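Naming follows writing order (A, B, C and D), and every chain is counted from residue 1.
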Amino acid sequence: MSNSWGKMWRITTYGESHGTSIGVIIDGCPAGLRIDMELVQKALDRRRPGQSALSSARKESDLVELESGIFEGVTTGTPIHLKLKNRDARSKDYESIRQAYRPSHADYSYEAKYGHRDYRGGGRASARETACRVAAGAIAQQFLAHWDIEIHAFVSQIGSTKLDKDQPGEVNYEEIERQLTRCPDPKSSKAMEAAIHSARESKDSLGGQICGHILNVPAGLGEPVYDKLHARLGAAMLSINAVKGFSYGSGFAGSEMRGSAHNDAFVMEEGKIGTTTNHSGGIQGGISNGMPIYFHTAFKPVASIGRKQASVNERGETIDLSIEGRHDPCVVPRAVPIVEAMAALTIADFLLLQQTQKVL
Amino acid sequence: MSNSWGKMWRITTYGESHGTSIGVIIDGCPAGLRIDMELVQKALDRRRPGQSALSSARKESDLVELESGIFEGVTTGTPIHLKLKNRDARSKDYESIRQAYRPSHADYSYEAKYGHRDYRGGGRASARETACRVAAGAIAQQFLAHWDIEIHAFVSQIGSTKLDKDQPGEVNYEEIERQLTRCPDPKSSKAMEAAIHSARESKDSLGGQICGHILNVPAGLGEPVYDKLHARLGAAMLSINAVKGFSYGSGFAGSEMRGSAHNDAFVMEEGKIGTTTNHSGGIQGGISNGMPIYFHTAFKPVASIGRKQASVNERGETIDLSIEGRHDPCVVPRAVPIVEAMAALTIADFLLLQQTQKVL
Amino acid sequence: MSNSWGKMWRITTYGESHGTSIGVIIDGCPAGLRIDMELVQKALDRRRPGQSALSSARKESDLVELESGIFEGVTTGTPIHLKLKNRDARSKDYESIRQAYRPSHADYSYEAKYGHRDYRGGGRASARETACRVAAGAIAQQFLAHWDIEIHAFVSQIGSTKLDKDQPGEVNYEEIERQLTRCPDPKSSKAMEAAIHSARESKDSLGGQICGHILNVPAGLGEPVYDKLHARLGAAMLSINAVKGFSYGSGFAGSEMRGSAHNDAFVMEEGKIGTTTNHSGGIQGGISNGMPIYFHTAFKPVASIGRKQASVNERGETIDLSIEGRHDPCVVPRAVPIVEAMAALTIADFLLLQQTQKVL
Amino acid sequence: MSNSWGKMWRITTYGESHGTSIGVIIDGCPAGLRIDMELVQKALDRRRPGQSALSSARKESDLVELESGIFEGVTTGTPIHLKLKNRDARSKDYESIRQAYRPSHADYSYEAKYGHRDYRGGGRASARETACRVAAGAIAQQFLAHWDIEIHAFVSQIGSTKLDKDQPGEVNYEEIERQLTRCPDPKSSKAMEAAIHSARESKDSLGGQICGHILNVPAGLGEPVYDKLHARLGAAMLSINAVKGFSYGSGFAGSEMRGSAHNDAFVMEEGKIGTTTNHSGGIQGGISNGMPIYFHTAFKPVASIGRKQASVNERGETIDLSIEGRHDPCVVPRAVPIVEAMAALTIADFLLLQQTQKVL
């Protein structure tokens, strides 16, 4: 049951990184939504490895194929199947790691779970699965556009280089795609680029953080107890490969503030209720309050590095491990569209769920 | 659908803070488990307001009543219903806030969602709901004890006072309950106490952080894609009132490390596979690897403070709001058993789910 | 996970027949619905054993208590908890059957499942659980009343006595409650009464059938593939104790018809699309078409009879078994409100689900 | 949410009859199961239209393609995707019915639900979707073979021709596939064949019934309240196109019996508990008791017939409708593998669910 996300807007993904194809079934998208498949492809292109000078040379084939659920450009209410063919499996690349447990990969824990593992690049643990999320998220974003809901994610940290101003109102969204790092501040972005190049030269890797803004969410989305908006959003982000932490609004820093400073005073603004500050991050009691939602997501450095590492193999023997191939020293910029996609899927789910409150 | 948690070990809670009773139904606990109801009561006592000099004077009646599912001290496989009666509603206390939107409470967002709100203390948004989680968690912990799985949560920060050493192996668990703050380091605890007293004097409130350790989890728990162990654990924590962030293992700090430093090298230890470091926090690819699991949870300062605050009321009029009654300046120590409970419920769920892999 | 029903309008029941209490949590009922608790009690009274000369003398205490979710007579959107206290357990009555497997009861299959059983009257297998369904169904019916949706169930067969005319338009619903058997035809009802009295005299039991009509369901409810309206309705009915079969529309008899006779021709009637015949029973392709929905449910004769029967006990020894106490020779009339309740819960669920199609 | 079936062994299907492809994702099949894809293809061949002189000439391309989840012939624990390409869409065939509501098809109810419909042969309402169930069921049957669980379905009635003896022990399963009608009694089968030919000549159609036997199910499967084994099995069958009714064990006839005759006396047989009769159909209190499970499913006659019929179109105009093409006068024989598949999927689900009871 681990391969589905969402209750009303529900996606199910399938496919190993080195099998025939991967794909996603979207169940629950209402009928009558006009879909631009170009926007889906564009989102996939933003996630694809090898898209910029910063990333690995490995090129994945991410040409989306529509198998069902959209007829004459409009959703029919039936399951939408988006498929991506895998290219040739190149099993040779993985022969050297066939019996080794790569440090901080899922090799050992998978084997403990399933009694075996697919040594060809990680099977379902591979980040290739996230392409399916991006495709499904691009459909969800077209759905959210009907409410003018906008989702913007961007890199706010690479290694120890941080973006100072990352809150709603402080960021020029148009700058995001102009920067190789997807950090909207050109100066910070240059510093991040330098850090990535330096990590590559040392055959090492870097982590970082992505900040997400969700604008124009109507007040009232989210469920009050277990399915709080931020709890589902957090789970969505934590389900992305390499994510180690999630916070929203004031986040971890908020735990150092006093209540009198942290509380967001309500005010009337142009006939609408808002708050003077937004430490709540647009969510109160698990439910959106109409203010911008913002959150942070922390990525660890990629586990695949070119350096020789110590490990053990399936027989429990100590080994020296070198993972061949060109490695991506920092996946954080490429993870931006994944963060957007998971946010879009989560908000779409809550939007549908909220319809049941409007029935009387 | 917001009032249930878990797939196989599933709880459903009900009850408003000022209604007749609150309670929890546990569905999915296997038959044949001997239950000590004293342990359930003990866990509830640890969460109860008014238990120490640090907390609010308000006393909630948290005497657990067993309504079903346990016969002659043993679970029967049928739903376990644990109930807590509410004491007299004292609606008078809430009259002053009846039409006001309290800052950083759920008053406004609830009203946006449901078209109304229960002004008597927050309804389901009240932290009183978490008593049900603690009761259910105490049953789950007795289930986990069969695998020697231990869960220890403790306060690692109050305001700006932090505990230095909080990783597995660095903490003396026996000290936790000896300290009023539930911070296991006596010296830090004293400083935290002082900070809480100071906040109370200024009619203000403090946030903080809770660290959780889960020991002896067998390798192989968790689902690889959307229901990663840490994604579900994160959602569990983020569903607790006032939680603003969650991280596991190296967390947000991990995003500043290089891969060569962050990777946990596998080693053989006493015939068992382990890792030299544990930045992974016991979870790799969303699945437990047999190492200790640890995580951090950030709490914002309590929104209810004695100070006068600006706000608006239901008619959109600007008001000055004073929330009467004695307020708890810091709920973080009392949240420790809630964190433990949500961790126990999450692990119990994954343990049951993993049984389906053992069928062949 | 066996104790919940419904996806959007979701009920969870708890309680053994001889424990402290039984009850139901309703999660998903929208906020703002005015509830008349008298109607809930009235529905419970119709299910209660000992209500008429036809049924068993055993009196269950079915006084409904409202614990949460309704404030000042209106639903709040939070879980509604309805509770029924059990009366004194009278364990003595069950001592004689403590180790015996009663024929056609769930004694043996429960023990195979759980490794034990609650010998006090069947635990969760007891029909007492259905009181919870009736209470929840009475809330759902008040919800459905907003769409003028009406649900009428009645006895169409007892033993071999059948009601000739039972289709929508052929039945006088006002007659149902006037008859002890709840068969709306007075003459058939008298014959059924006689059959029940005769069965009682022989310390035996009778089965029968219940027919259900659901009127004014808007076209478009139901989901096309697995959650067809009639598939969920069938599961709802088959989950009622003693039900052995379900059919809708032309049912089993329809399998003997030719397509040209079975097909329901579409016609315009007062500017609205309808069909000349209604072999489809108001459902086509799993989705309501606006015509009356009707269905049949078959009940086996009650397994508890006064006659001596052969069986085996837990040690595998052959025994002669006499089940003491006064037995109800025919539960079918009392099952009428249960059938209505399960139908109401199912339609309410689909009504909420359909809201997601109206979002664009 | 209508396109998935099962909780632990969960399938999700996609695809329209006239789109690019259809397929099924199986989520929850344990790792380590050896799969023979030939058996999957064989099951599909048994469902395929045009396989015998009895059925329609239309040939669907049902060559199964494995996309994921099985590596070197063994399941990996990841989602299994089985795909079937559609052949050329031949939209021309459907032009004549583009705006008509075909009697007893889902045309009108779909349009009421979704605000549109896919006029090309029914979209998801098409029976082509059931090919996906058959493929998934063939995997489930290989799983069930580990417990020696056998599933046999066969035709027990076509039109008014009935098979006399259809209970476990009365049927020669080897005869099923030898008969064009899949009725295991050669004489009855011949009569059924004649009836089908006669219906075809009159451009008409016939319904019928399918009986299913499930052998060697261990005692203890099924959940006691809402997810009774027969409630889920019934929903599974009722979700198959054209099914109007479901019963198990004594079924509708059982409602005419007295308790003393209907009760199944327990006996010891070769050290194992069994029953002398099996009116319970192998299920008591919703849980298997180790005896053979058997059930009946009623199919209405196919709605697509060659005869001219009266109907209305989208503009509400009365029309005379002729559905062109060669029609299958009776789909019941071809539905046999679908019934087997849904039974297999349901039992596999309960088998996995029962694992959680074995944990202590």
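Quick note on the criterion: a contact is a pair of C-beta atoms (placed from the backbone, for glycine too) under 8 Å apart; a residue touches a chain by one contact, two chains touch by 3 or more.
Source: prediction; values computed, not measured.
Visitor: Can you name the chains that touch subunit B as well as subunit D?
Guide: Neighbours common to subunit B and subunit D are A, C.
Visitor: Specify the chain most distant from subunit C by Cα centroid.
Guide: Checked the centroid distances; the maximum from subunit C is A.
Visitor: How big is the gap, in whole Å, between where the Cα atoms of subunit A centre and where those of subunit B centre?
Guide: Each chain reduced to its C-alpha mean, subunit A and subunit B end up 26 Å apart.
Visitor: Between subunit A and subunit C, tell me the centre distance in angstrom, where each centre is the average of that chain's C-alpha atoms.
Guide: Computed value for the inter-centroid distance: 46 Å.
Visitor: Quick one: subunit B and subunit C, Cα centre-to-centre, how many Å?
Guide: Chain centroid spacing, subunit B to subunit C, equals 39 Å.
Visitor: On subunit C, where are the residues touching two or more other chains?
Guide: Each of 1-4, 7-8, 13, 28, 31-32, 77-78, 113-115, 124, 224, 357 in subunit C touches at least two other chains.
Visitor: Quick check: in the complex, which residue numbers of subunit B touch subunit C?
Guide: 1-4, 7-8, 10, 12-16, 19-23, 25, 27-28, 31-32, 65-69, 71, 74, 76-81, 113-116, 118, 123-124
Visitor: Using the touch rule from the top, collect the residues of subunit C that touch subunit A in their complex.
Guide: These residues of subunit C touch subunit A: 8, 28, 30-33, 77-78, 146, 224, 351-352, 355-360.
Visitor: So in the complex, which bits of subunit B are touching subunit A?
Guide: 1-5, 7, 13, 101, 103-106, 108-110, 112-115, 122, 124-125, 129, 157, 159-160, 199, 202, 204-209, 218-228, 230-232, 234-236, 238-239, 241, 244-252, 254-260, 262-268, 271, 273, 275, 279-281, 283-290, 296, 298-305, 307, 309-312, 316, 318, 353-354, 357
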